[in-house]
Amino acid sequence: MELSGRNQLKATVKEVNLGGIMAEVTMELDGGAEIVAAITRRSAERLDLKPGDSVIAVIKATEVMVGR
Amino acid sequence: MELSGRNQLKATVKEVNLGGIMAEVTMELDGGAEIVAAITRRSAERLDLKPGDSVIAVIKATEVMVGR
Amino acid sequence: MELSGRNQLKATVKEVNLGGIMAEVTMELDGGAEIVAAITRRSAERLDLKPGDSVIAVIKATEVMVGR
Amino acid sequence: MELSGRNQLKATVKEVNLGGIMAEVTMELDGGAEIVAAITRRSAERLDLKPGDSVIAVIKATEVMVGR
Amino acid sequence: MELSGRNQLKATVKEVNLGGIMAEVTMELDGGAEIVAAITRRSAERLDLKPGDSVIAVIKATEVMVGR
Amino acid sequence: MELSGRNQLKATVKEVNLGGIMAEVTMELDGGAEIVAAITRRSAERLDLKPGDSVIAVIKATEVMVGR
């Protein structure tokens, strides 16, 4: 599937924390920065996310703010 | 200001396109990947964003999806 | 790509309106309801969206509210 | 209340999972597709959501991505 | 309609700017602070928003960040 | 850091509820209205949020809906 989401950043899973409803997935971008996703636990389980997995962090452009 | 937003990625502005209401800001992350923000034109003007500016792309963890 | 986004609804494009920065894509879900996406114009052009195209409306669960 | 949110889809609650802070509400759209909302537990309790309830899934157009 | 959205703030419309696809609605909260919404132009027209109108700014709790 | 986020509302923390992954922060705006943020537990802990703290509720304009 090709997505309209403008931001599709290559990353590696570093840590997956599962809560009751939500899960926190910590990833390392190819450039070294860290990026964190809060997704549902069921999504994390369905994708079977584990440390070391190659993934894509997908972010809609309307969700990105700019600071300076 | 220190922000709860988990993702604060260092970037450089590459291009700013101004529309009537919205603006599209294309940035290059320190690792080389591109990230795009759709913000209001007034915000882009208030921050006076120009190519070459050092900025931070701020993204709430609940806005990040994971693909694999 | 398999996505963490919980909601991936089959739809058909009905109308694409292009603005300077943003585009409005009106779709009809398989069940007949209408759903509208505001995405960047560049994404609409990159995906070459036209009326009649089969697409998927992707929505993160954290973006859905419930009314009653 | 009439809402600016472009997407207001008729649905029926199928399942409500309550966590400590968040709740996951699984709904079936009138056309048969499934849609999931991650809302706060307090909102789920305030609306007293139960399987079989007729509800509306509300989604802002800027939150919808398009895939093909 | 009763909404799961936790934040429903009473406000008065101060200014409506219409673009090609999007509209920017500037409101004043009852406490005096200003709040701005970027919605689709069609939503602004459908709600017939004009300066002086009493409205509600609706924000999902997952969209609010905290700074200090 | 100066932010593109159009809505930066002064508030006081009233209550912080910590879950496994997420936290719910209830704030009172200067005008008296209540606003709730669902952020990650780690963000709430990193900012060391406690009742009585002066904070800023930050909301991107694209996340605000208008009801009437």
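In this document, chain identifiers A, B, C, D, E and F correspond to the written order of the chains, with residue numbering beginning at 1 in each.
By our rule, a residue touches a chain if its C-beta (ideal position, glycine included) is under 8 Å from a C-beta of that chain, and two chains touch if they have at least 3 such contacts.
What you see is a predicted model, and the numbers here were worked out from it, not measured in a lab.
*Asks:* State which chains count as neighbours of chain C and simultaneously of chain D.
*Replies:* Touches both chain C and chain D: A, E.
*Asks:* Between chain B and chain F, which partner chains are common?
*Replies:* Both-contact set = A, E.
*Asks:* By CA centroid distance, what chain is farthest from chain B?
*Replies:* Max centre-to-centre separation from chain B belongs to D.
*Asks:* If you average the Cα atoms per chain, which one ends up farthest from chain C?
*Replies:* It is F whose centre lies farthest from that of chain C.
*Asks:* Starting from the mean Cα coordinates of chain D and chain F, work out the distance between those two points in Å.
*Replies:* 23
*Asks:* Between chain E and chain F, what's the gap in Å when you average each chain's C-alpha atoms?
*Replies:* Chain centres of chain E and chain F, defined by C-alpha means, are spaced 17 Å apart.
*Asks:* What is the distance, in whole Å, between the centres of chain C and chain F, each centre taken as the mean of its C-alpha atoms?
*Replies:* Roughly 29 Å, centre to centre.
*Asks:* Two or more other chains in contact with one residue: find those residues in chain F.
*Replies:* Only 1-6, 19-22, 24, 36-40, 42-44, 47, 56, 58, 60-63, 65-68 qualify.
*Asks:* Which chain pairs here would you call touching?
*Replies:* Inter-chain contacts occur between A-B, A-C, A-D, A-F, B-C, B-E, B-F, C-D, C-E, D-E, D-F, E-F.
*Asks:* Under the definition above, what is the set of chain C residues touching chain E in their complex?
*Replies:* 17-24, 36, 38, 62-63, 65-68
*Asks:* Would you mind writing out the residues of chain A in touch with chain B in their complex?
*Replies:* 5-10, 24-25, 27, 29-39, 43-44, 47, 49, 53-68
*Asks:* Using the touch definition from the top, list the residues of chain F that touch chain A in their complex.
*Replies:* Contact set of chain F toward chain A: 1-5, 19-22, 40, 42, 60, 62.
*Asks:* Residue numbers of chain A touching chain C in their complex, please.
*Replies:* Contact set of chain A toward chain C: 1-6, 37-40, 42-44, 46-47, 56, 58, 60-62.
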